[in-house]
Amino acid sequence: MNAARIFGPLLGDAEVAEILGDEARARAMVSVEIALAKVEGRLGVIDAAAAAAIEASLAGFAPDLGDLTRGTAVAGVPVPALVAQLRWRVGGDAAAFVHWGATSQDILDTALVLQLREALALLGQRLDDANAALARLAEEHGATPIIGRTRFQQAVPTSFGLKAAGWLAPLLRHRQRLDELRPRLLVVQLGGAAGNLAAIGERGLDVMTGLAAELASWLALLTGSLGKLGQDVLLLAQSEVGEVHEAEGGASSTMPQKSNPIRAEALVTLARRNATLLGGMHEAMLHAQERDGASWQLEWLTLPDMVTGAAAALANAGALLRGLVIDADRMRANLAASRGLLLAEAASFALAAHLPRAAAQELVKSACRDAPAAGRDLIDLLAERTTAPVDWLRLRRQAELPACALTLIDRVLAQQPRRP
Amino acid sequence: MNAARIFGPLLGDAEVAEILGDEARARAMVSVEIALAKVEGRLGVIDAAAAAAIEASLAGFAPDLGDLTRGTAVAGVPVPALVAQLRWRVGGDAAAFVHWGATSQDILDTALVLQLREALALLGQRLDDANAALARLAEEHGATPIIGRTRFQQAVPTSFGLKAAGWLAPLLRHRQRLDELRPRLLVVQLGGAAGNLAAIGERGLDVMTGLAAELASWLALLTGSLGKLGQDVLLLAQSEVGEVHEAEGGASSTMPQKSNPIRAEALVTLARRNATLLGGMHEAMLHAQERDGASWQLEWLTLPDMVTGAAAALANAGALLRGLVIDADRMRANLAASRGLLLAEAASFALAAHLPRAAAQELVKSACRDAPAAGRDLIDLLAERTTAPVDWLRLRRQAELPACALTLIDRVLAQQPRRP
Amino acid sequence: MNAARIFGPLLGDAEVAEILGDEARARAMVSVEIALAKVEGRLGVIDAAAAAAIEASLAGFAPDLGDLTRGTAVAGVPVPALVAQLRWRVGGDAAAFVHWGATSQDILDTALVLQLREALALLGQRLDDANAALARLAEEHGATPIIGRTRFQQAVPTSFGLKAAGWLAPLLRHRQRLDELRPRLLVVQLGGAAGNLAAIGERGLDVMTGLAAELASWLALLTGSLGKLGQDVLLLAQSEVGEVHEAEGGASSTMPQKSNPIRAEALVTLARRNATLLGGMHEAMLHAQERDGASWQLEWLTLPDMVTGAAAALANAGALLRGLVIDADRMRANLAASRGLLLAEAASFALAAHLPRAAAQELVKSACRDAPAAGRDLIDLLAERTTAPVDWLRLRRQAELPACALTLIDRVLAQQPRRP
Amino acid sequence: MNAARIFGPLLGDAEVAEILGDEARARAMVSVEIALAKVEGRLGVIDAAAAAAIEASLAGFAPDLGDLTRGTAVAGVPVPALVAQLRWRVGGDAAAFVHWGATSQDILDTALVLQLREALALLGQRLDDANAALARLAEEHGATPIIGRTRFQQAVPTSFGLKAAGWLAPLLRHRQRLDELRPRLLVVQLGGAAGNLAAIGERGLDVMTGLAAELASWLALLTGSLGKLGQDVLLLAQSEVGEVHEAEGGASSTMPQKSNPIRAEALVTLARRNATLLGGMHEAMLHAQERDGASWQLEWLTLPDMVTGAAAALANAGALLRGLVIDADRMRANLAASRGLLLAEAASFALAAHLPRAAAQELVKSACRDAPAAGRDLIDLLAERTTAPVDWLRLRRQAELPACALTLIDRVLAQQPRRP
C-alpha cells in the first residue's frame, strides 16, 4: 500500500504499476459493466436498446478516482460510487440498467481478472527472455570449470554452464505451469452458459477464491527460483570469490573501490518478500461463507504486491543476466588455488581400483591434512606417496569437469518449449 | 519436532507418523543404498558380486536409531553413521562398495521421496473419500434452501447442496493437481540414463529443491480448502444458527449442554498451520550454491509437519462429513425468520418490470426499514403498498432457491474423475 | 509498494502516507545531512564555516524526487544522487563537506528513524483514544448481561463491559510497551559521544537491525489485539446474533436490507496483513556481515506497510468504537432464548450442595436434553424435577451476570495510565 | 508434531522435550488440579477435608497417557479424561470436588504456564552462557583486525571483537526483555485475590491470549539474533575466506577434505524456522469471542516448537562459540591481499586535507582502477602519484583498525548485567 517510488526502479515495476493501478482498475471495472450490459442485452435480461446505450455512453469513460475513493470510505468498496457515476453518465431510462443483477464482488473480481490477464502476459514474456538468457549461459559455459560449493565449503568441480542449467530448470517448469494456470484463471464467462445472472456471482467466487492462492503460489515459486539465482550470484561475486560480477553494479556513496551487486540483492529481497506475502493469501483461503470481506480485502492488499514483486524480479533478473560478467579465469584460478583438494573424492575412487578401499581413503585423508600445511598440491603428494598406477594426469583433467555436465545441461535445454 | 501425542488424535496422524517416522526413514535409506548398489552392479561401476552381497545382507535390515542420532550430532546428518552400520553388516570385500559414489544428500533426499510416495498415496485416497462425501451432500441437498451469508450478514437464499459443491470444487482441482505432481515428484532414477554416478546428486538436487516447495504449496492449498469447509461448519453450527452440527461433537468438561465442533476447529487450525509453515518452504528455496545445509534442514523440519497436517485435515474432514447432521428444518426456519428481507433484491428486480427502477428501489428500501419494526414480512408489506402486478407467490417460491443452483452443482459434479 | 488509493480510506492511512512518503523521506534525509554537518562542524571534523554554509543552503531544500528515483536505478540507493543534488545546491568549497564521512545507510536509516518518530507519536495518540473509548464501554456496560461464547457455542453468561475490558487489557499493555520502545528506537546520536565519525555507521546498524524487528513485533501485536476486537464485532453483528452493529456500516450495491461491518472487517484484514508481514522483518534479521543489501531492502519494503497497517487499524478501531451501536435488549433476548441452558453449570453447582454431585449432574444433563425438545426453560424443568431447596430465583439472577465481572473490569481499568 | 529424533541433536532439544513433553504436561495438569483444590479448600469453596484428600491422593500421580490421548479424540481436549482418572484415584466423597469450577482451558493453560516457567529458566541460563562467551570474544579480539564486508563486498577494516560485540548487543537486550516478560507471563493466581472462582478462567484467557504471542515474538527475536551469528560464521568460514571455523565441524560422507559448519547452519535453520512459526502465533491472536478452539490449538502446535527452536539454537550457539577457531593470521592475510583497496575511503579523507576534495577523490578512484591490474598496493601507488604530505604509514596502521572499535565494544560490554 505504501508508495515508495524512490525504490521503485529496483523493487517496484512501472509497467505493472500501470496495469494494476487505480486508473486501470477503474477502466477495467467500466469494461466489466459494459460487458455485463451487452450479455444481458443479448440474453433479453435487459432491454437491447438500454444495453446499446450503456455501451455507447461508457466506452472509454474514465471514472473520477477521488469520488471512488470517497465511496470506499462509505461502503467499504468503490462499486456503489462507480455505479452512481456510470448511471449519471448514461442518463435516461438506460441508466437504471447499469450494473443490473451484479454485485460489487462480481465487478471488482472480474476487473481484477482482466488486469491480471495483462500482467501475466507481461510476466510470461519476461520469463521467456530470462530463460533464453540462461539457456545461452548454459550452452556457452558447459565446459567452463568452476568449484562446486556445498554447505558453504568448496566441494567438487562442476561447470558454470551446469550451474546456469540448474537455475534454468525450475524456471522452465514455472513457464509451463503458467500456461496451465492462465486459461483456468482468466476465463470469466459473464452470465454463464445458461445466461443465468446468479451464475456471475458464483463464477466470480469460484474464480478468485481458490485460484488467487494458486496464482500466488506460482508467483512465490517464480520469485523463489529467481531468488536462488540472486543468492548464488551474490556469493560468486564476493570479493574473495570474484567469479562473476554485475557489469552495472551500484556505486557506493563513499567507497570508490566498491561495486555493489544490486540486481542480485533485489532478487533475494523480492523472493523473501513474496515468500512472506504468500502466507497472507493462504490465510485468505479461510474466507467465511458465501463471501468474507476481510479475506477479500487481504487478497486486494496482497496479490498486487506479489505480482509487482514477480515482475520486478524478472526485470532485475533480465538486467542481471544481460550484464553478468563471467570471469572464467578467476574460476580456474580458484580451482587451482584449492591445491587439488577438490579432487580428494575422485582420487579416493581411482585409488580404490588398486588398493583396498579403506587403505585408499586413509592415504587420501592423510594427504588432505598434509597438503595445505606443506603448501603442496594434493595430487602431487599422492603421486609421491603411492606406486598405484593411477593415471594422475587424466584424473586431473577429467575431474576438472564432471563428465556428465554436458549431458545434464542438454537434458535441461531439451525441456525448453519451441517457439515459432 | 515436538511430540505432543496427547493432541495427536486431532492434530496429528498415526499413519503418516509411521510413514514419515524415524524407523521408516531408516528403512528407506537402506532401500536406497541397496538400489544404488544394484544399479552400480548392473552398470559395472562396482563388482556384481559385491552388489549381490550388499543386497543379500541389507534386505530387511533395521538400523540402530540411537546410533544414527548420535551420528547426526557429530556429522550434521545421519548418513555417515548409517554407512558405517551397513558396512559392518555387509562385511568382507563388499563392505567397501556400500554407498559407492553417493553423497549424504542423495541418500536422505531419495529416501524422503520414497516415504513421500507412500504418504501421497494415502492423501490421494483420503481426498477421494472426502470428495465422494461432498459430492453426495451436493447431490442430496441441491434443493435444500439455506440463507447465503456475505460479510457475516444474511444476504440471498442459496441451497445447501450448492454450498457443498463450493467446498468440493477446489478439492477436485487439488485432486487433479496431485496426479500431475506425483510423477514429477516421485520418479527418481538412481544413476540416471547414462549410468553416470554424478547424475545422482544432480537429480536429487533437482528433485527436492524446487519440487519440495511445489509440493508444500499443494499441501497448503489442500488444507486451505479444507479449512474453509471447517470455518463454514463452525459458523453454521453456532448456537444461534444451528443449521448443522457434528454428530460426535466434543463434550465440555463442565457445561453439560455444550457440544463442541472439534473436527471443524481442527480443520481451521491445520489450515492456518500449513499456511504458516509454507513460508518456511519458500524461504528454503533460496538455498545457496550446490547445496545449502540450512535450507535443507529447514525443509526436513517443515515438510513432514505439512504432510502430517494435510493427512490430519483429511482425516478430520472425513470424520466431520461422515457425522455431519444437517438440519434442513432449521435452515428453512432461519430463512422464514428473516421475514422476507432476503427477497429484497429479487423484489426490487420484479418491481422494476412495472415501475421505474428508482421508484422500485425506494419502495423496497422503505419496506425493508418498516418490516422488522412492525414485525411484518417484507413481501406482505410490499404487496400491500403497490398495485404492480407482481406474482408474489412465485417470487417467494422462486427466490427461496436460486434457479441456477442445480446447474451449478451439476457443473461441479461433472468435474469428478470417473473411477473404475 | 502498490498504490491502491481506491482502498486507501479503509486499508491505508493518509497521515502516515504523508509521514512515510517519498517527500518526507527526502526532507528527512536532508535534515540528517544538515545535522551531520553541524555536529562535524562543532567537533572540528569539518570547517565550521562549511558547516554553517551547508546548514544555510539546505534548510528547507526539497530534493528532486525524479532524480533520486533515477539514482536508485543506478546505485541501488538514492543517496549518491541526493548528495550530488545537495553539493550542487551548496556550491563552493563547502560542497565537498556535504555527507562527510557518512555512508548511504547512515543517512537512510537515520532519516527513517526521524520519520518513525513522527509516525509513532501518531500511533500513540490514536491508541490512547481507542483505549479511552474501550474504557468507557467497559464502565458503562459492566452490568449489561450477554452470552459468553466459547468454541462458537453459547457457554455461560458474562457482561458486555467485561468483553470490552478484555479488548482493552492487551491494548493497555501495548501502550506501555510503546513508551518503553520509543526511547530505545528513536535516540540516534549523530557522531556519538566521542565524536568519532565511524560511530555513526555502527550506531545506525545497531539501531535499525535488531530494533526494526522489535518494532515490527509491537506493530503486529497491536494490530493482532485490534483484529480480535474486529473479529468479535463481526460475530456479534451477525444477522442471527445482532447484539452490536456499526452505525455507519457499508451499504451493499444491490441488497437494500444489508449493512456491512466494514470497520470490523478492516481490523481483521489488517491484523492478518501485519501477522503475515512480520515474518519478513524476522527474515531480515539474518542480514549478512556488516551490512546486507537484501535484508535492508526487505525492511524498507515491509516496515512502512506495517506502520501503515497499524495506523489504519487504529483509525478503523476509533471509527468503529465511536459508532458502535450496542443492543442490550437483543443481548438479553438472546440470553432468554437460550431457555436457561446457559445456567446448566451453575445449576449443577447449586444442586451439588444438596445432592451427591453425580446425581446433580445427571439430573441437569437429562433436563438439558429434554428442555429444548419440550420448549421448556431448563430451570423451570429442574425446579419441577427435584425437591432440593435451591433458591432458583436467586440462581437465575445471579447467573445472569458473573459476580466477578465488575471486579475484573475494575482491575483492567486500574491499569490505565493517568493522564494530566 | 512430527518426531524426527534422528535430527534431534541439532534441531531438537532433549531437555526442552522433557519439560514440554506429554509426561510433563500430564504432571503439570495434576499439579494445577491439586493447587486448585487447595485454594478452594482454603477459601471454603469446597470442603477442607475434600481438599486435603485430593492433595494427598494426587501428589505424584502420573496419569495414563494413552487414556488421555483417547480422551482427546472424543472431547477435543484431554481434560475430561484426566478428570475422570483423578476422580477415580481420589475416590469417595472428595472425588466430586476434583476440578470444581474449572474449565479445560484453565487446566491446560495453567499447566502450560508451569511448563514454560521451567523452559524459560533453561533459556535464560543458556542465554547467559552464550552472552558470556561472546563477551569474552569481544574483549579478547577487540584489536584483531578483520575486513568489514557490506553487501557481500569487502568494505572497510573493522575488528573481530567489534563483530562479536555486534552479535552480543541484541542478545543482551533479549536477556533484559526476558526478565521483563517472565513475571508477567508466569504469575498465575489461582482463584484470584477475591477468591472468586470465575476469575480463574478470565485470568487464563488474559495470560495466554495476548502473552503467548508476546512470548513467541521474543523467541523469534532471540533465534533471529542467533541466526545472524550463524549466518556470519557460515560466511567467514567459507573456504575462500577461512577466517573462522567450527572445531568440530561435521564430516562429509565422501569428501575427506571437508569440514561442514553444522552448528552455524543449525542457527540459520532455527532462526528461519521461528520466523516462520511466529506468523501462526499472530494469526492465533484473532481468536473468537470468549474462547476459540482453533486459535487455541494453533498455539498448542506452535509455541512448543518455538521454545524448542530457541533452546536448540542456544545449545548450538554455545557449542559453536566454545569450539570456534579464530584464525587471526588469515584475517590479516585477507586484509593484506586486498592490496590496500579497503583504505580507499580513508585515503580519500586524508588527501582531502591537502587537495580539493574532487581532486582527492579522482586521484583515489584512478588508483583504485590501476592497482589491481598492476598487482600494486593502493597506498604505494598513491604515495607515488601525489606529493601531498600524507602520513601514509600512520594511515595504514590507523585504518587497519577503526579507532572507535574498543570504545564501541566497551559500550556493549557495559550493558551486561552484573551477576553476583
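Should a chain be cited, it is by its letter among A, B, C and D, assigned in written order, with residues numbered from 1 in that chain.
Convention: a contact is a pair of C-beta atoms (placed from the backbone, for glycine too) under 8 Å apart; a residue touches a chain by one contact, two chains touch by 3 or more.
The structure displayed is predicted, hence computed values, not measured ones.
Peer 1: How many hops, at fewest, get you from subunit A to subunit D via touching chains?
Peer 2: Shortest path length, in steps: 1.
Peer 1: Return the chain pair with more inter-chain C-beta contacts, choosing between B-D and B-C.
Peer 2: B-D
Peer 1: Taking the mean of the CA coordinates per chain, how far is subunit C from subunit D in Å?
Peer 2: 25
Peer 1: Where the CA atoms of subunit B average out and where those of subunit C average out, how many Å apart are those spots?
Peer 2: 32
Peer 1: Would you please write down the residue numbers of subunit D that are in contact with two or more other chains?
Peer 2: Only 101, 149-152, 155, 234-235, 252, 254, 260-261, 265, 268, 272, 275-276, 279, 283, 293 qualify.
Peer 1: Could you please specify the touching residues of subunit C with respect to subunit D in the complex?
Peer 2: So the residues of subunit C in touch with subunit D come to 96-97, 101, 148-152, 155, 158, 162, 166, 169-170, 173, 192, 194, 196, 198-199, 202, 205-206, 209-210, 213-214, 217, 220-221, 224-225, 227-228, 231-232, 235, 268, 271-272, 274-276, 278-279, 282-283, 285-293, 349, 352, 356-358, 402-404, 407-408.
Peer 1: Which stretch or stretches of subunit A touch subunit D in the complex?
Peer 2: Result: residues 149-156, 234-235, 237-241, 252, 254-261, 265, 279, 283, 334, 338, 341-342, 344-345, 348, 361, 364-365, 368, 378 of subunit A touch subunit D.
Peer 1: Flag every residue of subunit C that touches subunit A in the complex, lowest number first.
Peer 2: The touching residues are 1-12, 17, 20-22, 25-26, 65, 68-70, 72-80, 83, 99, 101-104, 230, 234, 248, 250-254, 260-262, 265-266, 268-269, 272-273, 275-277, 279-280, 283-284, 293-295, 297-298, 300-302, 304-305, 308-309.
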